[in-house]
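These notes open a run of structures that come right after.
In the two assemblies presented below, subunit A is common to both, partnered first by subunit B and then by subunit C.
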Partner chain A sequence: MGEVRRPFFLPGGGAPLPNHEEFPSRLFDLAGQDHPIMSAPSTTAATSITCGNCSAATGGAHFCPACGKIQPLPPGTDYFAFFGLQRKLALDLPELERRFHSLSWRLHPDNFMRASELERQLSLDRSSQLNDAYRTLRDPVARVEYMLGLAGMRKEGQKKQQAPPELLEEVFELNESLDRLREARESGENAAETAGLRGKLEAAQQKFESSLADADQELTQVSAQWDRALDSGTDDATKKKLMERMNSILNRRSYIRNLVESTQKVLAGT
Partner chain B sequence: MGRTVGIDLGTTYSLIAYQDKLEGAPKCIPGPYGTPLCPSVVSVDADGAIVAGEAARRRLLTQPERTIYSVKRLMGRGPADVQEELKIFPFRIDPGSTNVIRVRLGDRVFTPPEISAFILRELKSWAEDYFQDSVDRAVITVPAYFNDAQRQATRDAGRLAGLEVLRLVNEPTAAALAYGLHEQKRGRVAVYDFGGGTFDISILKLVSTTDGDIYQVLSTNGDTHLGGDDIDNTLQSVARGEISAQGVDLATHPETVQELRKALIAAKHELSEAGKTTVKFALPNGAVYFREITRAEYDGWIRPIVERTMAPVRQALADAKLASAEIEEVVLVGGSTRVPLVRRTVTEFFGRRPHAELNPDEVVALGAAVQAGILEGGVKDMLLLDVTPLSLGIETMGGVVAKIIPRNSTIPASAQELFTTGVENQTGIDIHVLQGERELAKDCRSLARFQLKVPPGPPGLARIEVKFLIDASGILQVSARDLRAGKQHSIEVLPSYGLDDAEVERILEESIEYAEQDFSERQLIEARNEAEIMLHATEKALAREQVEAPGELPADELRALDGAVAALREALAGADYKRIRAFVDVLNQATMPLAERMMNRALSTVFEGKRLDEV
Partner chain C sequence: MAYSDKVVDHYEHPRNVGSLPKDDPNVGTGLVGAPECGDVMRLQMKINPQTQVIEEAKFKTFGCGSAIASSSLATEWVKGKTVEEALAISNTDIVRELSLPPVKIHCSVLAEDAIKAAIEDWKKKKEADQPEATATASN
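Take a look at the complex of A and B:
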C-alpha cells in the first residue's frame, strides 16, 4: 500500500464558490484553463452538440428542440448561459428569479419520476446546476467572483486577502485590544477595563463595516463600467484592467469581511 | 403496481396518509383503534414476535425491557452521540455497537432503522387494509434539521419495511404544503414545528407562477434533540426528586417509572387546557405521590426548553435575510405547540397570531401525501423547492473544513472539486466529507470517508474531479471522474454512521422469516375463507328451504342461485382474491330474496297465535 495523503484542492475545475478565499490551503490551482470570454459570448459555442435521443442539433439547450428530451450538460456551460443571460454584472433580480422558477418547473426531479434512469440523472444534474447557478448569480459579490473565475482571473496569486493600507492602523489597534481583553479575562474579570475594551472593539467594528460598505459600492461601480465596456465593444486590454480592479477589490473585501466576522465573534463572547 | 402513501414517522406518533384523487385532498388513514395516530413504540414477545403501535405501547407498562419508544432519537447516530439520551431514556444499547447503534429488546438485538421499519410496516398494513390493495411506495417525512446519516437511516427503514422511498420531505415543508393547499396562502411564511423529539423552523416563500404554486424554502434551522420528550423528562425529574424525598427509590421499579411517565404526560396534556392539575400516583411501597401543579409553576419548569427553540428561529430569519415583522404568516405544527407557553412565546416573537387550524398532529402526514400525489403525477400545479439544512464540506490540511455547499442551498445542489497528488508515487487521496457549520473537522459531523485510488506518477499529474451532489431528499451522492483518462472513476463511499447497502440487504433477507405474510397472499386466504362460509351458508339455507317450504322457491331464483354458486366455485379454484370477493358479492345478492322469505317465516312462527296488540 502506497502513501496516502490529504487532498490537494484544485478549485479551478469546479464553479468558484463565494468563500474560496477563506481557505488558503485550497488555492493550489493547476487547472487554470483560460476561458475565452473576453468578448463575452452569451451562449456556449455548442452548435455541434446533438441530442442523445434523436440526434437533432440542440445548441446546448436544456431540452431537445426536436424530441423534447432533457439533455446532458455540455462541458463548459456557464451559469449566465444556463439562464440565457449575457455575462453582465448588473442583473435584474426579479427577472432572474422568474427564470429560476420557470426552469425549476421544467428541470426538477419531480417531473422525471417515471422517466428512464438516464433522464432522471440528467434532471438531477441540470436542476442542481440550476440551483447552484441561481445561488451564485443572485449574490452580487459571488457573481463578480464567478465571472472573474470564468475569465481565469481568480487563480493562485490573484486571489488572496489583501489588507487595505488605510485600515492597517485599526488592525494593529484591534490586535492590541484583543490581547488586552484576553489578559483581562484570564486575570479575572476587570469590569471597567473589559467595558473600555468592548467600547474600542465596537468602534473598530463600525469602522470595518463602513469599509466593507465602501468596498461593495466600489465593486458596484466597477461592475457597471464592465457592463458598459461590454456594450461599447471596448478593447481587451481595458477589459483586463477592469477585471484586475475587480479582483483587487474582492481581495480587499475578503480581508475586511474576515475582520468584521472575527470582531463580531469576540464581541459576542464578551 | 401498488399505492403510494405519505408517512410521518414521528418520535412519539406516526401517521400514514394518501392523496384522495376524487376530492383532490390528502387524508389520514385510521388504524384499527379508529385513530390515525400510531404510537411509535415497538415491542418484542418472549417468543420473538414483534408488535408495533398501540399494542406495543400497552406493553410499555407490563414489559418495559422488551419495549422501545422514541427510537427516532437514535436514528443515524453512533453510540458516542447518545450518551446524554441514555441518562434519560431507557434505551438498552448493545455493548457490541460500533458505528451503528444496536438496541437490545428482550433477547434480540436491532438497529434503529429496523425498529423504525416495524412501525412503518404497521402503518403499511393499515393502509393496505384500508385500500384492500398493496402499498409499495412512500414519501416519508424527516425533521428539516436531520443530517445526512439520519436521512439515510430513515430511507433504510423504509426499504426494510418493503417500501420504495420516493422522497424524504422535511416536516415543516410538508406542513406548509398541507396549509398552502388548505388556505391558498401566499407570501412569506414561518413554520414552527415542535414535535415529540425534534424542533424545526423553516422560512418559506409561497409564489404563484403561471405554471402553478412554488413553495420555496428560504432557510431552515432546528434542533434534532429537542421536543415534548424533554418536557416529559423535566416533569419526571421533578416528580422523581420529590418521590425520592418521600423515601422511595424508583430505580428498581422500571414498570412504575413507565406508569409515572404516563401519569405525567396526562398532567402535561391537562395543563395545556386548564390552569392547574393534580397528579395522584400510587407508589410501590403503598404510599401515594400527591401533587398539584399550577400552570405558572409548569411554565417556570419548561421555560428553558421553550427558550431553546428561539435561537434556531433567529438564525433562520437571519439566513433568510428577513426581520420577524416581515413574516406574513406563522404556522404551528407538532403536538408540543399545544403548550400555551409555546404559543405565547411564538405570538410575542412574531407579533402575530399563529395559524393552528389544521390538526398539528396530522398536518405533516397530510403534506407528505400531497408530495406523494405530486410524484405520482396526480398533483401537477405544486412544486416544492427545499434546502439543505447544514453546510457540506471536506477536510483539508490542518483539520480545517472547506465548505463546498453552504447551508440553505436549494436542493438538488452540487459542487465539483478537482484533486491531485502531492508527493511522488502517491497511490491514494483520502477524502473526508463532513456536515456542519464549525470550522474544524473534529467539530463537524463526519458523513463518509473514501479514498481515490491514483496510478503512481509524479506529484500533481493525477486529475480527479469529484462531484458532490445533494439530491432532492437531502442525501449526498458522490461520483468521481478521472479527467486525464476521461472516464468515470469508481469510488466506494463508506458511511461513517449507519448501515451500508450490504448490511441492509442482509437484514432484509434475515427479516423474511419474521416478516408478515405477503399482502395479496393474506387477502387471498381471507377471501377464500369468506367464500367457503358463504357457500356453506347457501347450501344450508337451500336444504332448509326444501324441508320447511318445499316447492316454493321460484325457478328463476333457483337458476340465479345455482349460477352464482357455480361462478364462485370457479373463482375459488383460481388465486385472484378480487375475483373471489366479487362473486361472493354476487352470491350474496342472489340469496337476498331467499333470506328475506326465511326471515319472514321465522317471524310469523314466533308471532303465531298472538294478537296484534301483544306483539
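Take a look at the complex of A and C:
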C-alpha cells in the first residue's frame, strides 16, 4: 500500500478512541467467539453451519476451512462478526483496515469470474456487506449507533426516544433567529439588524460546535466504560444504563449537528 | 417519495402559525423534538378554564414537510375541542388523514406528543394557581 495511515479522529474534533494498545488484534475465529451483549441476535447457530459444497462445519466463516469455497452469509451476521471482531466500541482501527483490505481482496468478484453462478453471487453479496460494515464500523459514532441498533435501542418513532428537553428551548430559539436572519436578508432592509443577528448566530455556532465536541468526548468515555463492562462481565442492568446513556448522547448529538449545519448554511449565504 | 396532496396543502398553507403569550395562565405550551431528524415543534393552546374548551391554537415547527403538516393539522383539530377530546387524538389519526408513509410516522407522533405536552403544561399552571390543590396532589 505504502500510504500513510492517519489516525481516525472523531468528527467535531473529539479525541481518538483510546484503545490501540489495550485492544490486541484477535484471530478470525467466529465459531469460538462469544458475543457478550444483551438481547443479541443469536449467533449460536454459527457452530452448526456447514459448507454447501463439502458439508464441513464452517462456523460462519467467509470461506470453508476444509474446501475453501466461499460461503453464504449466515442469517443475523452483524458487522462485528463479519470482521471476526467482538462487539466492542473501541476498535483497533489499523487492524480493522487491515482486515478490510484483506477481505476485499479475497472476496472480490474478479476472483470468481470462472466460478459458479452461486459463488459469483456470494462474492457480490459479501463484498457489498463488507463495504457497508467497514463504513459503519470505522466511524466511532456510527459504530455506537449500530451497536445500539443491534441491541434494539434505536427504534425510530418510538415514544421512548425523547429529545433532550434541556436543549429544546435553545434549539427553538436558534431556529427562530435563523429564520429572522433569512427574512432580513431577503428583504434586504435593516442592515443593522442583519449584522446583529449574524453576530448572535456566530456566537451560537461556536457554542454548538463546542457542545458537539463535548458530546463526542462523552460518547468516547461511555464507550470505554461499555467495553470495560463487557470485559468484567457487569450485570445487565448496568449495561442497559450505559446503553441508555449512549442513546441519549446520540440523540443530543444529532440535534446539535443539525443546528450546526443549518447555522452554517445560513451564515454562508449572508 | 412524493408527499400526499394534504401534506403539500398544509405545508404551503399552514394553518395557525404563530405564538400565544407563554405566561398567560390559560395558555399551555408544548415544546417537543424528534431526535432522529432534529425537528422541533411548538404547539400552544388557549384553554377556557370554565368550559375546558380549546379556544385558540398556534404552532411553529422547524422540520420537514410532514412535521409541519402534522402540527398544522393538530392545531386545526384541537380548536373547539375540550381538553378531554384533544387528548384522545392519536398519531394514527394524523397518519391516516395525511397518508403519511412509514418513514414519516414519527412526525405524527411528535404532533400527538405536542398536544399532550401543551395540555400538561396548562394543567401544571392551573395547579400552581391553586396552592391548596398542589398540596393535596401527591408528587
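As a working rule, the second predicted complex is superposed on the first by the 200 of 270 C-alpha atoms of A that agree within 3 Å, B and C clash if a C-alpha of one lies under 4 Å from a C-alpha of the other, contacts with A are read in each partner's own complex, and residues count from 1 in each chain.
Note that a residue touches a chain if its C-beta (ideal position, glycine included) is under 8 Å from a C-beta of that chain, and two chains touch if they have at least 3 such contacts.
Worth saying up front: this structure is predicted, and the values here are computed from it rather than measured.
For subunit A, the partner touching the most residues, choosing from subunit B and subunit C, is B. Contacts of A:N175 after superposition on the shared chain: subunit C is touched, whereas subunit B is not. When the shared chain is aligned, subunit B comes close enough to touch A:M113, but subunit C does not.
Once the two complexes are laid over each other on the shared chain, residue contacts for A:N258 go to subunit C alone; subunit B is not touched. In the superposed model, A:T77 lies in contact with neither subunit B nor subunit C. Applying the stated contact rule after C-alpha superposition, one finds that A:T234 touches neither subunit B nor subunit C. Across the two superposed structures, the residue set of subunit A contacted by subunit B and also by subunit C is empty.
Listing the residues of subunit A that touch subunit C in their complex gives 156-157, 159, 161-164, 167-169, 171-172, 175-176, 179, 250-252, 254-255, 257-259. The residues of subunit C lying in touch with subunit A in their complex are 31-38, 40, 42, 60, 62, 103, 105-106, 109, 113.
Interface residues of subunit A facing subunit B in the complex, by the touch rule stated above, are 1-15, 17-19, 23, 25-26, 30-31, 98, 101-102, 104-105, 108-110, 113-114, 124-125, 127-129, 131-132, 134-135. On the side of subunit B, the complex with subunit A involves touching residues 166, 207, 209, 211-212, 214, 216, 374-377, 383-385, 394-398, 400, 402-404, 406, 409-423, 425-431, 451, 456, 460, 463, 465, 469-472, 483.
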